[in-house]
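Multiple structures follow.
Shared chain: chain A. Partners: chain B in the first complex, chain C in the second.
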Partner chain A sequence: MTTGLRYVYAVCRPFGTPLQAQLRGVGGAPPALLHHHGLVAVVSTVPEADFCESALKAHLEDLDWLATTARAHQGVVDALTTVTTPLPLRLATVFRDDSAVRMMIEAREEDFRGLLDRLHGRVEWGVKVYLEPEPAEPEPAEAARPASGRDYLRRRRLQSHAQEEKWQRAERFAHSLHERLAERAEDVRMHPPQNSALSGTPGQNVLNAAYLVSRAHSEEFVELVDRTKDEAPGIRVELTGPWAAYSFSGEASGAEPAVGSGEGR
Partner chain B sequence: MTTPSRFPEPYGQGSGANLADILERVLDKGVVIAGDIRINLLDIELLTVKLRLIVASVDKAKEMGIDWWESDPALSSRARRDELTRENAELRERLARLEELEPGRAPKEAP
Partner chain C sequence: MTVVERREIALVDLLDRLLAGGVVITGDITLRIADVDLVRIDLNALISSVNAQVPSPFEELL
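== the complex of A and B ==
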């Protein structure tokens, strides 16, 4: 391996518990703690050959590489979440060397302290609501075949009406669930619904939200979500977490980048 | 999912959290810091997450009626080619009309 660059996963306050010895970061290197100005940057060395601008750009277009790197990044942040409250940085935040990381800490010190204070002792829970996919339409019996074009059209109209009804019911359910969860959360972020082709998850995603909840109230929050799971037939509720507060860490940098171009236009 | 257990037992993370859950957080959320290596993740997100994952199974996507990339000139080389052809034809036509308007100034010099 030639020269190495510094990959930064997160910034936190100093913490007592050591990281698990077997923890590995991006590219398989063990993460290390870089203390500076009363803050800690969690870093690891990555090969310059993979993380210089041109290589990185090409790699990020490679879905397998992206998935592996994203999981490694998340793995380190996740390990930190069990021992402290980390501020997760966005994927592929890379510096030349330790002194560049220290300069970055000095430049952003106030932001970091403000965010760390706000997020201290809190985690993020992800809740998604899906409208379950239709069970395969039973083939209508020979006798039930539409007798005429008009019958056919009427049947089609009934079917699409039923679908619309289900969709509205799922939206009402998602709305009421969200209100109940938001009451118990300190902050809320709505993410765009996931495309099921993209997530590999069956069903139509009608709610994709992140809730900032203190550790002390997390158990209660999880139980509340669990209780709703059997409330509505044909609707599935999914819980993920506890995540580091990813969805609540982005504001310090100023305006959120415009999102929502999901329609491709 | 399992019964509620003592925190911080992870809930579906790792195994249960799908790749989209992870990507939407590590690519789109978290603290943004301009490192020494500059990469525009917004480009990557558009290309990789929104397009490549879907296009990975083009037939499936088409079945679902997702085919917007085919007609978006920024995303499809075929669409771009069609766009150029169309623009070319339009320009030729306009040129021809202009030449008709000024017959005196359009001597036939074509080889």
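== the complex of A and C ==
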């Protein structure tokens, strides 16, 4: 008999609205709600052949598989975000069967309740700042060719000096934007800057942050980000969200104070 | 409540959250997958495979 495993997307408090009937999870199976101890695990069945440890390890290095799985996971969590405040689990959290999921809920009940209380009514916004790539400079005219090696080196030094200044300007901008946003957020997480080859996004990523903001204050937060978009030439600001509070569901949640001081504590 | 226009979410933004965020539970199977270090190694492998397939963005400017 081929058995399936249980893929768990998120843990929530019970909610009244049913999930959309056409919603599909990882591998195409519809997600179901598993109620236990006053909590709900959102689960679907996935084939054991794809999710046993060795298969999973190989799959995680397959970009197409990873992309498809991540999008399916996000699709379910996103659908949950429209009806409740889900506590998203890390990608590819898999159990043998429903009873193993129930045991997990029992073991982590207190954590889940604490996190769900903390995140209730809140969403995550992602903000990234990029230093735009240099516009291709016209080739210097013949006359401007360096007359000597010393001229050449001096020109190179000036160019790298100008680049350094742009970097510093972008970092100052990112820092000041981050401080303003952090004041309006309940919590902040810094993600490592993204590699532009992987993101396919032009420019150097100098800030990649996540902000936990209540739904009530989200519009204001978004407007604030929008206003900064034209503030600094050569710098690009990107906003993503609203996300379920992925970046605030980890073990370290709450351990690190929001940057930006100013709260006069 | 969506105030931002919905574009397709970039995979990297998704992976920032799904591989480094979310509640970590030691599932029956995910004993080692939950290990962030492993995921980082996998991401490095991804980055190098992407680099090999995709020409440098700077070359397009020439």
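As a working rule, the second predicted complex is superposed on the first by the 250 of 265 C-alpha atoms of A that agree within 3 Å, B and C clash if a C-alpha of one lies under 4 Å from a C-alpha of the other, contacts with A are read in each partner's own complex, and residues count from 1 in each chain.
The rule is short, and it goes like this: a residue touches a chain if its C-beta (ideal position, glycine included) is under 8 Å from a C-beta of that chain, and two chains touch if they have at least 3 such contacts.
Small disclaimer: the values here were computed from a predicted structure and weren't measured.
Following the overlay on chain A, a clash is recorded for the pair chain B and chain C. Of the two partner chains, neither chain B nor chain C is touched by A:Glu110. Applying the stated contact rule after C-alpha superposition, one finds that A:Asp230 touches neither chain B nor chain C. When the two complexes are overlaid on their common chain A, residue A:Glu183 makes contact with neither chain B nor chain C.
Legend: residue contacts after superposition of the two complexes on their common chain; A:Phe51 is shown touching both chain B and chain C.
Using the contact criterion defined above for the overlaid structures, shared-chain residue A:Pro202 touches chain C, although it does not reach chain B.
Of the residues of chain A, those at positions 5, 8, 11, 51-53, 56-57, 60-61, 63, 66-67, 70-71, 73-74, 87-96, 100, 104, 108, 111-112, 115, 126, 191, 194-195, 197-201, 215, 218-219, 222, 239-243, 246-247, 249-250 touch chain B in one of the two structures and chain C in the other.
Taken in their complex, chain A has these residues touching chain B: 5, 8, 11, 51-53, 56-57, 60-61, 63, 66-67, 70-71, 73-75, 78, 81-82, 87-96, 100, 104, 108, 111-112, 115, 123, 125-126, 191, 194-195, 197-201, 215, 218-219, 222-223, 226, 229, 238-243, 246-247, 249-250, 252-253, 257, 259, 261-265. Chain B contributes residues 1, 3-4, 6-8, 10-14, 16-33, 35-39, 41-42, 44, 46-50, 52-54, 56-57, 60-61, 64, 66, 68-69, 72, 75 to its touches with chain A in the complex. Chain C contributes residues 1-4, 9-25, 27-34, 38-39, 42-43, 45-47, 49-51, 54, 56-58, 61-62 to its touches with chain A in the complex.
Only residues 5, 8, 11, 51-53, 56-57, 60-61, 63, 66-67, 70-71, 73-74, 87-96, 100, 104, 108, 111-112, 115, 124, 126, 133, 136, 189, 191, 194-202, 208, 210, 215, 218-219, 222, 239-243, 246-251 of chain A touch chain C when the two sit together in their complex.
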